[in-house]
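Got some structures for you, see below.
Okay, so subunit A shows up in both of these, paired with subunit B first and subunit C after.
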Partner chain A sequence: MILDALFLINALLAVGFAVAMITRKNPIYSALCLIATFFPLAFIFLLLWAPFVAMIQIMVYAGAIMVLFVFVIMMINTEKQELEAGKPKWYRRIAGAIAFLFVIVGFYSIVMGINSIAPVDSSIKEEFGSTAALGHLIFDKYLIQFELVSVLILVAVIGAVFLAKKNLD
Partner chain B sequence: MRESYITILMYITFVLVNGVIMLALSHFFGPRRQGRGKFDPYECGVPIRDEAHKRFPVKFYLIATLFILFDIETVFLIPWSVTYKQAGVTGFLYLLVFLAVLTSGFIYLWRRGALEWD
Partner chain C sequence: MQFQAIYPGSLLVAAAILVLMAQSFVKGEKKLTISLIISLIGVILAIFFTFKLFGVNESFYENALRVDDFGVFLSLVALIGTALTILISAGYLKKVKSYYTEYYALILLAACGMVFLTISGDLITFLIGLEIMSISIYILAGFNRESKKSNEAAMKYFILGAFSTGFLLFGMSMVYGATGEIVISEIGKAEKSAGMLIGLGLMLVGFLFKIGAVPFQNWVPDVYEGAPTPITAFMAAGVKTAGFAAFVRIILIAFQNCGEEWHTILQVIAVLSMIVGNVVAISQRNIKRLLAYSSIAHTGYMLLAFAAAKSDPNMASSSILFYLFTYTFTVIGAFGILIYSGRENLDDFAGFAHQKRFMGIAMTVFFFSLAGIPSTAGFMGKLFIFMTAIDQKLYWASVIGIITSMISVFYYLRVVVYLYMKPEVTRAAPLTDWNVAIASAVSVIGVFVLGLIPQSVIQLILTTYQSMLQ
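The block that comes next holds the complex of A and B.
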């Protein structure tokens, strides 16, 4: 009962901030709304008994990825005139109408297919999704993938340094 | 274990309610003085010369990217630290392999001078 209520509140908050994010003209406000979307999302992860994912959602997404977004917005350097000059053209309205139709259809199918809004399946074991369970999986079943992640991050480090330093030299 | 979430839920609720109450009180009881200075980014100090929308050097971006990458590295240490007893020596060795690959990247960027500001 209280879980349903918490889920509904957070889901509505997340959707609301997401809508606000795509309707803002100013990209900085969009970025702020994006941060605001991450927090109810993290809470929904918590309701799914996945505290680790919830913490990562806040630490990595709301903290770190957001910094990148703000940097990109500042780098692209949109002028005020460009922001105000975006009057909707006729094809944009048609595209908007089609997109809205998709939203209606998707929403309809979700509402029809839903049995319960309770995010917790009681058949799942209690420790499922906990940080310890994740640790066991990482060091047992998904060990190769875990080691490959380090290679992936290594590639990203080298790529970032190479791209940025090439411009400086 | 799930019952322990109630404590953090109470904590979150308390923090949120506390913040809302403080903002609401200052909204309703605080004095309002509208003036020209209210719309400036800084109310006092040197007059503003130009727009804040400026291009930033790519160096800031590089530091931010590297921070995120090593942030993710740290994130992977957390599941290990929770299960280090069960993972044992082999788990520690697996973790060392993971860290060794990333440390080679760290050595690369150090030698390349990516941490130098100029």
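The block that comes next holds the complex of A and C.
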């Protein structure tokens, strides 16, 4: 009961901040709302017995990535006119209408098909989301994927150095 | 056996790291030669070890990798594309006097991503493979750091590509939510549900973006024009091959119960791609842009065969595989000649064939193949595709396909007319580079072999669909 209430509160908060994020005109506010979205999200992960993911969520997203975002926004320092100029209005309206239609269709089909969604295994063990369990998964079952991620990071490092360095020789 | 499945990918990563390390020991032009040799050896070894995987048909690493003839064949196609790209890149780097060997390393890493993409057995491997490939290509598209166009291409491709990956990921999470599975073959056993259908729609958006189909084609001309020419060839051949590999596998296996839905969508998109690609290409004077629009049209042809997969998946996937194979040789060859000649505009090609006789002939062969003129590979590919589509009663789409394909003959042959029948304009002499010449020769041979004696390849391809199911 309490868990349900906690979930509801956090879910509403997360969705509310997410909506606020895309409706704010000022990018700084948007970034702040995004940070605010991550905390209730992390709490939902906690409710799902995944403390490790919850911590990573806060540390990596709210910590590292958001700082980067805010820095970039402040560095670019967009003027107000620039934000308002853009595509003609009718273009935006049509796009908005299509997106809204998509939301309605998606929502309708989820509501209609909610029973067909596979039930979550309710016999979740206590160590299910623990760091140890995650470690076992990463280095055992998902070993190949883990190794591939390291290749992916290598690509990103090469790219960052190559594109950002002033004099390559 | 388990290890053999990852030999090709690991070899490519090892070669990439060697290339990166080599540049601290050698300087100047030697650096390029050494990197070229290392990367070629790496790719050829990878091709060799991939070849040995034929007939394995097993899943490895808890279903993370699915090594079957389908994936192995497309891995081979992607790796052949990579080898040819490396060869034409050698000429390009020499021409623009760029000594940055990160270039080769990134091509090798992208190839590694492609290999894992083609043999991915679950959605996680698939996504990571796709990202390794895409991120390498984003960087490579912006490789000319001083050129505004190259920067624009990289930026556009990166932003839109990241967005499309977002769609893909969202779709994947929907599918996981609906079925509780990430293994592709297991997802296929689940019943059709709302979550599956939303997932299908979102994943289609991601896939169609990567292969450049209408209505997600807007990035194609700008990125193809701005990126360095060898990278454009790599995008048209390798990225498309790997993208189609995952696309076909996931749609045919994971979404086999949703045939009704994707059948219609793919048919509409195929028709739109063929029309937009071929009609807009007519007005292009820049050959890179022309080939960009033609690549949209070629995606359309392949999607036409794909739409037929609902009732005959074997023929459909076979004809897509064969088409990808023919397209790889044709398009890399065509871009290779662009590099060799050092020009991009149609008018500059006037009389080129009189200046460089063999290159003129090779270019004619490639453009004939793109147009689908008999005795070239492109003809066999198109024949296979339209045969499949008509067998499965997609009459209207096929008629539109054949009409647009006749339109395409106009703009392909116009290039050939410029080559031979226009008065020669004196331009800077084209660069003589053996690597590009070798790549062109290999491509010409490939085009004719697939066009005249394709039996053995087709026989091999016809068994690949069964191998996916085993």
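Keep this in mind: the second predicted complex is superposed on the first by the 140 of 169 C-alpha atoms of A that agree within 3 Å, B and C clash if a C-alpha of one lies under 4 Å from a C-alpha of the other, contacts with A are read in each partner's own complex, and residues count from 1 in each chain.
Operating definition for what follows: a residue touches a chain if its C-beta (ideal position, glycine included) is under 8 Å from a C-beta of that chain, and two chains touch if they have at least 3 such contacts.
Source: prediction; values computed, not measured.
*Asks:* For A:Ile56, select first, second, both or neither according to whether it touches subunit B, subunit C, the two together, or no partner.
*Replies:* first
*Asks:* Looking at the overlay, does A:Val157 come into contact with subunit B only (first), subunit C only (second), both, or neither?
*Replies:* The answer is first: A:Val157 touches subunit B but not subunit C.
*Asks:* Output check: A:Ile110 vs subunit B and subunit C. Expected answer is one of first, second, both, neither. What do you get?
*Replies:* So A:Ile110 only meets subunit C here.
*Asks:* Once the structures are superposed on A, label A:Gln145 by its partner contacts, choosing first (subunit B), second (subunit C), both or neither.
*Replies:* second
*Asks:* After lining up the shared chain so the two structures overlap, which partner does A:Leu46 touch, if you call subunit B first and subunit C second: first, second, both or neither?
*Replies:* A:Leu46 sits against subunit B, while subunit C stays out of touch.
*Asks:* Of the two partners subunit B and subunit C, indicate the one touching more residues belonging to subunit A.
*Replies:* Comparing touch counts on subunit A for subunit B and subunit C gives B.
*Asks:* Answer with first, second, both or neither: which of subunit B and subunit C does A:Leu134 touch in the superposed model?
*Replies:* first
*Asks:* Pick one for A:Met74: touches subunit B only (first), subunit C only (second), both, or neither.
*Replies:* first
*Asks:* Per the contact definition in the header, classify A:Ala64: touching subunit B only (first), subunit C only (second), both, or neither.
*Replies:* Once the two structures are laid over each other on A, A:Ala64 reaches subunit B alone.
*Asks:* Using the superposition on A, tell me which residues of subunit A are in contact with subunit B and, in the other complex, with subunit C.
*Replies:* Shared contact residues on subunit A: 143, 149, 151, 154, 156, 158, 161, 168.
*Asks:* Provide the residue numbers of subunit B that touch subunit A in the complex, in ascending order.
*Replies:* 1-2, 5, 9, 51, 53-56, 58-62, 64-69, 71-73, 75-76, 78-80, 82-83, 86-87, 91, 94, 97-99, 101-102, 104-106, 108-109, 112-114
*Asks:* Touching residues of subunit A toward subunit B in the complex: what are they?
*Replies:* Touching subunit B: residues 6, 46, 49, 52, 56, 59-60, 63-65, 67-68, 71, 74-75, 77-80, 126-127, 130-132, 134-136, 138-139, 143, 146-147, 149-151, 153-154, 156-158, 160-161, 164-165, 167-168 of subunit A.
*Asks:* In the complex, go through subunit C and note every residue touching subunit A.
*Replies:* Per the stated touch rule, the residues are 6, 13, 16, 20, 60-62, 64-65, 99-100, 102, 105-106, 109, 112-113, 116, 124-125, 128-129, 131-132, 135-136, 138-139, 142, 145, 177-180, 190-191, 193-195, 197-198.
*Asks:* Over in the complex, which subunit A residues touch subunit C? Could you list them?
*Replies:* Checking each residue of subunit A against subunit C gives 106, 109-110, 112-114, 116-118, 120, 141-145, 148-149, 151-152, 154-156, 158-159, 161-163, 168-169.
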